[in-house]
Amino acid sequence: MNFKYPVWHRLHKQTNKTVLISAADKSGLPAGSLVHIGKKHETACRISITQYNEDTLKQCEIKSISELQQLQDNKSIIWVNIDGLSDTSIVEHIGAELNIHPLVLEDILSTHQRPKLEEYEDYIYLVVKSISAQYNGNLDLRYEQISILLLANYVITFKEKADEIFKPVYYRMQNRKDRLRQSGSDYLAYVLLDTIVDEYFVVEDCLDDIIDPLEDSLLSNPTKEMLHTIQLLRRNLIAMKRSISPLRELLTTIQHANTALLHEKTLRYYGDVHDHVLRVTDSLDSYRERIASIQDIYLSSISNKLNETMKILTIFASIFIPLTFIAGIYGMNFEHMPELKWRWAYPALWIIFIAIGIGLLIYFRKKKWL
Amino acid sequence: MNFKYPVWHRLHKQTNKTVLISAADKSGLPAGSLVHIGKKHETACRISITQYNEDTLKQCEIKSISELQQLQDNKSIIWVNIDGLSDTSIVEHIGAELNIHPLVLEDILSTHQRPKLEEYEDYIYLVVKSISAQYNGNLDLRYEQISILLLANYVITFKEKADEIFKPVYYRMQNRKDRLRQSGSDYLAYVLLDTIVDEYFVVEDCLDDIIDPLEDSLLSNPTKEMLHTIQLLRRNLIAMKRSISPLRELLTTIQHANTALLHEKTLRYYGDVHDHVLRVTDSLDSYRERIASIQDIYLSSISNKLNETMKILTIFASIFIPLTFIAGIYGMNFEHMPELKWRWAYPALWIIFIAIGIGLLIYFRKKKWL
Amino acid sequence: MNFKYPVWHRLHKQTNKTVLISAADKSGLPAGSLVHIGKKHETACRISITQYNEDTLKQCEIKSISELQQLQDNKSIIWVNIDGLSDTSIVEHIGAELNIHPLVLEDILSTHQRPKLEEYEDYIYLVVKSISAQYNGNLDLRYEQISILLLANYVITFKEKADEIFKPVYYRMQNRKDRLRQSGSDYLAYVLLDTIVDEYFVVEDCLDDIIDPLEDSLLSNPTKEMLHTIQLLRRNLIAMKRSISPLRELLTTIQHANTALLHEKTLRYYGDVHDHVLRVTDSLDSYRERIASIQDIYLSSISNKLNETMKILTIFASIFIPLTFIAGIYGMNFEHMPELKWRWAYPALWIIFIAIGIGLLIYFRKKKWL
Amino acid sequence: MNFKYPVWHRLHKQTNKTVLISAADKSGLPAGSLVHIGKKHETACRISITQYNEDTLKQCEIKSISELQQLQDNKSIIWVNIDGLSDTSIVEHIGAELNIHPLVLEDILSTHQRPKLEEYEDYIYLVVKSISAQYNGNLDLRYEQISILLLANYVITFKEKADEIFKPVYYRMQNRKDRLRQSGSDYLAYVLLDTIVDEYFVVEDCLDDIIDPLEDSLLSNPTKEMLHTIQLLRRNLIAMKRSISPLRELLTTIQHANTALLHEKTLRYYGDVHDHVLRVTDSLDSYRERIASIQDIYLSSISNKLNETMKILTIFASIFIPLTFIAGIYGMNFEHMPELKWRWAYPALWIIFIAIGIGLLIYFRKKKWL
Amino acid sequence: MNFKYPVWHRLHKQTNKTVLISAADKSGLPAGSLVHIGKKHETACRISITQYNEDTLKQCEIKSISELQQLQDNKSIIWVNIDGLSDTSIVEHIGAELNIHPLVLEDILSTHQRPKLEEYEDYIYLVVKSISAQYNGNLDLRYEQISILLLANYVITFKEKADEIFKPVYYRMQNRKDRLRQSGSDYLAYVLLDTIVDEYFVVEDCLDDIIDPLEDSLLSNPTKEMLHTIQLLRRNLIAMKRSISPLRELLTTIQHANTALLHEKTLRYYGDVHDHVLRVTDSLDSYRERIASIQDIYLSSISNKLNETMKILTIFASIFIPLTFIAGIYGMNFEHMPELKWRWAYPALWIIFIAIGIGLLIYFRKKKWL
């Protein structure tokens, strides 16, 4: 029998040309085949280990996952943070080491995931999107998919890029009296989630910095650039909502999860993150409404401007057109035009011109145009 | 190992510069660290104590929470009202004294909370937003976060500002026969909630005072300022909805709460507050629809105005343009233009001018333009 | 200690000035204080008693609630109808007589209630809004809050005004064989509800009488008044929906109520009212959509009109402007203009004028403007 | 005591004048009074009987319901179809014969019902709306209320008009091997429902025949008539949705009904109808979206047209207005105008005219207007 | 008795004329009559058999379903794929062979199904829509209904067309170590579903290829063709949503199905498909919002253009109209016009002309028009 494999071939051809394998191109691959899907960041993969309990705190980088086994003991929590997903063998190793379901490994590598939570027998798998904003004239939002594997003594985080989003967590860990040092892996996972969600508020502050002045200058002086900004904000709000709103559901699930991995005392803290997420999504909704209203006002302003333009044109035309007609009449070359010979015709005509002009101006003022 | 703490540093730099710590800046702080987040009001913290039962009523101010312990007895309800949140040590003290969860203390101090209710073993924590309105030309809405801690014998309220929103409650307390004096702390919490919700109706009256005349004068005379008012109302409605609508859920939860802190007899009263909140949110929805419709009508009016302007311009131009052309013809200097020498040419032309003018006017009238 | 009572004082000042106490002004009053809130109707309170069973029917008016006790027997149903709420003492008396919860009494007197149902141990409290319409050029909707107290042998109705909405019920009662005479108080309450809901259909007929011709004349001849009518209809639809839609929920609750006051056989009838309410709300929704669509069409029509105006202006201007220019050229006074001396220049120019005019007309026809 | 019965009287006056008794006019009548509400169709009532089992099939018409009793046996299913509702005594007879609840009888006669299902002890009552379409230039939708009473051995259908909607059912019955002949009354009821729902697809085909060409010709040539068609389609879609969407709920209820009247094997078939109804409502939703989008495009097209008109006007005016001004200058009669005497002034002016014209054309082309 | 069968006849007449039997035309046919409803594709039906277990893999084509019986054994999974539905007898045979419910057979042949899942005692019936996209200037989406019958040892797929959508599945099967070879029929059904859903991502990439450049070029240069593209995209999004969104529900049902046909281990995989579908529908929603926003921006751009056109026209007209009037005055032929004889009148007039022109330009610049 003779098979053709068009989709498969297309995939290979493309990978030669560009480093980007879109989600679509993976169609046709068996589920569970570990290919990194998403923008490839140049970062070499970096594996940082943080091992801590109430008394000790060790931090180091390792080259290979196999070193992990030596660290293992029952008295401390180990947080493995992996920056960069280009080396799929790391994920594969971790999967083998900790007995992770192949679908989870696949999802870790594919950075187009929707935020979600999956409970397995001895671990919980979380995907969230961190968003960081920079505003310097243009709004620049950067998305990063962060996968969190929560096991009894491990927390493993997979990040696309080597950014500093988890720095505050490292900082807190220095403090021996912090609750973090005294609690289990579930509390660490909470702290990580909370850190990610807190970043959303920074993004919202950024949005406020753009929307507030936009709203204020809108009525006085609408410019074409505003439309561009409105458009941009809208797109970003749609994208943010897609990344954030599944978290609500996720955090509801986590609070009602029936698993030994999460201690009841920690659930309150997840509830707190849930409140924060609700606050963020509420804000997003109201931003959206404000943007919609801003666009309406923008359109109104343009209509208003058009109206004013028309008014001026109409006033000019309406006043001068009849006057010009009259002037045209006495420019005619008929032999028999008695007015042309009258002594006071010309000054009289000036009076008529002025009277017509003033009359029309009064009429327009009555119409509330002036 | 070498850590950088950018978020943390940024926070400290900012606090030196301004008194405002936005929610975003707290990102990176461990949950449970007590920092007042929100606009700092200059008010010094004031702690007022009201201790009452059916027979006695004592009111005083104390300087420090430690004085509270002396007041304690089992026969009376103690209401502690704290105006101003700038002194975080007070909240800390209360937390220690009454064994309050650190997350609650943190929420009390962060004034960007979404209204919510949290049940703990021996207390209930409520956050609501009071809204007070002033309308003098401009609509001025002031929001205040009020936290209510309901314990078996205590009600503790935390307010951002030292305003008089709870005055009616103090007044009712004077009356020995009032149900308030005869009931427990749950009834006091209800009275406080009810007082806050009743203020919403005052705000709605304010909105009516703005929207009704706006709607009436809209069709007759749309002005540019209206657009500004519409915009303003919309923003305020969005903000109000965010503050009020979570109360619905909150009050449903309270009515079905399974806790010894709330007596069954009091639940009816919470149901009454629930009805009021439903009424307010219904009104907000209908205000919103009216505002949307007002804006539509405003835009229509502008279109109508443009149309009228165009009609006048068209009438003027259409009548005089052909006439001017005819006058132009007989202004030409050709040697051989027989009409110029005709005896009655000039008066005949006048008749033609008038005929064309009247003809066009009749045509426009048939088109329903005049 | 020194208290100020601003809200309270404001209330008293206002009551001297006007008879209207808005809901907002009651903020600050203890729940359960019986003050009539709403428009005060001049009607003196009238208490009509109808006492009936299968065999007898007595109807009378009484002056004071105390007379009610004499009528009581176990064999007949007593319907007490109170027209006008200005005399709060009547409500207070009934409350005392029949042991009604103070919150219910308060709600009866406050005519800004949302339709709702409250079950108590030995009675059910219902609030509904009756709507009656009159259309004579302007649509005039009148709302009335009707409170129904359903007890084992009593039905007590409280109406704001002394209108004739319950007349059909009195009529039915005359008929000894009517099911009403043979059933209990729950069936009477059903009949009253049904009578109120049937009035909604009359209102809908009224709306049809306005919307249908509006829709028909819209395309042919849009006028500015239509905008006003659209606006009016919209407001009324919003208000009607607020009054009617809570009835759906209310009637669902009643059908699943677990109370001895409602016999299972009567529930079918309440289900029938439920169907009617669903029908009304369905209609309201479709009216709303039609109104929205009518407004869209109206705006389109205005755009169409503007377009037609512009077309005529453009045609006039475009034809005559070049012709006038040419005429202007030969009106110039240059000494050396050879054309001016040509013998057939003038007639030739006329041919050019006509040619240009016809050419432009053909061009515009090709553009589909004529 | 003195009663007035305004609603009642109004009803009687109206019935003399017109044959239409609107739902509103019935307000005030006791529930259960059998009056035909709806458009009265001239058809005399026709009662067709179909009695069948696997072996026999008898079809006849009867004059009076009393003949029905003679047909009764336990071995066959009897389908009674009543065309026309003007003779209310037939419905009354059936009600008495089969012990039907008076509310059901009332609903059968009132043809403004919302589709619904009511379970009674020994019968099920169904109301649905059949829709039939005709498209010949104008879309003509005809609605008919069909009531189905399903008993153990009977199916009774009540139709407003004597149309042929059930013909295919009669046809199927001829076939002795059809499942219909071998099944009970529940299967017959399913077949009737299915026949009604299948008609909806014919209506949808009709809508496609209108919307598809509308959409295609929209961009090329928007005409005013389109607006009318859009309006018409919208109204019809709103009306259709009201008639069809309650069927979803109805069919869900039927599938979970706990009654001996429906055999478990038949439920699958009702599930099939349910799927069809879902498909129809999905289509209606997407038609609606398409209509909305068509209207948007229509408005855009009008804007586009206006823009093009304005462009042409602007080009004409902008080119000729300055030229005419220049011609006007040299038409002035000043004694001292040196240019007038220059030898080449006139040809030079022509060059200037042409240069200005071309310059402006180039400018407009750069602006992308030509 | 005399029957007419209009619907039936119409059906037969049509089938002679065209090969398309619309869903509407089937109205009137008994449920369960096997007629292929939908576009008839010319493909002859092709039946491909794939029989596999961990050790063996056999692939062949058969001519008739009766050959199927010979292949049957208990140790391997048989996948029967049927391309083309024109030969209804094949479906009929399979139905008879495997005891499939007639409604299922009917649904397989009618290609207007809504995606759905039906559980029967020994099989599960799934209908899904595959969508494949091609974009070469125009977007070309092709829909295909794929029915999947899942039995204990069989998977039978029915496809409208003989396309290559399942090629990747055939490819995976070659690999002896693939999970597919080691699992049951439920896993095969999952792989098929997953392959179909993965195609949706290809379609989304296509949409991105259209929307992204559209969005970018919108503000700079809106053209009339864009409107066409927007319209097209909208229609496609509506159609895609109809085909895809029922899958969410379907996959939720499958995950909670209580059937021996689906092994618990496979359910995780169905959950993975569910995630993918959620991702697709999320994307569709955000595409839709973007399209709506694009259309808004397009309309704004047109308004902006109109405004600019008007500004230019107004500037030209407003400057030259008064100048032309002045020129007209001195073109009049009055005998007594002293200015005409002044020595410097003409140059002075030029100065006035220039002054007026500059004055108006300054005015317009102050109005922010230039």
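Points to keep in mind about this one:
The letters A, B, C, D and E name the chains in turn, as written, and every chain counts its residues from 1.
Here, contacts are C-beta pairs under 8 Å (C-beta built on N, C-alpha and C of every residue); 3 or more make two chains touch, one makes a residue touch a chain.
Here the structure is a predicted model, which means the values were calculated and not measured.
Any chain touching chain C that also touches chain E appears here: D. Two copies of one chain, chain A and chain B, touch each other, and the residues they use overlap weakly: the shared fraction of interface numbers falls below half.
Remark: rotation between chain B and chain D after Cα superposition is 145° (nearest 5).
Chain D and chain E have centres, each the mean of its CA atoms, that are 26 Å apart. For chain C, residues touching at least two other chains, in rising order: 299, 303, 306, 310, 313, 317, 321, 324, 328, 331-333, 337.
Judged by the touch criterion defined above, the protein chains form a single closed ring in which each chain touches exactly two others. In the cyclic arrangement of chains, the order starting from chain A and heading towards chain B is A, B, C, D, E. Across the interface of their complex, chain E is touched by residues 59, 164, 167-168, 170-172, 174-175, 178-180, 191, 194-195, 198-199, 201-202, 204-205, 215, 218-219, 268-269, 271-272, 275, 278-279, 282, 286, 289-290, 293, 296-297, 299-301, 303-304, 306-307, 310-311, 313-314, 317-318, 321-322, 324-325, 328-329, 331-337, 367-369 of chain D.
Of all the residues in chain E, the ones that touch chain D in their complex are 1, 3-8, 22-24, 26-32, 101, 103, 112-114, 116, 118, 221, 224, 227-228, 231, 234-235, 238-239, 242, 295, 298-299, 302-303, 305-306, 308-310, 312-313, 316-317, 320-321, 323-324, 327-328, 330-333, 337, 339-346, 349.
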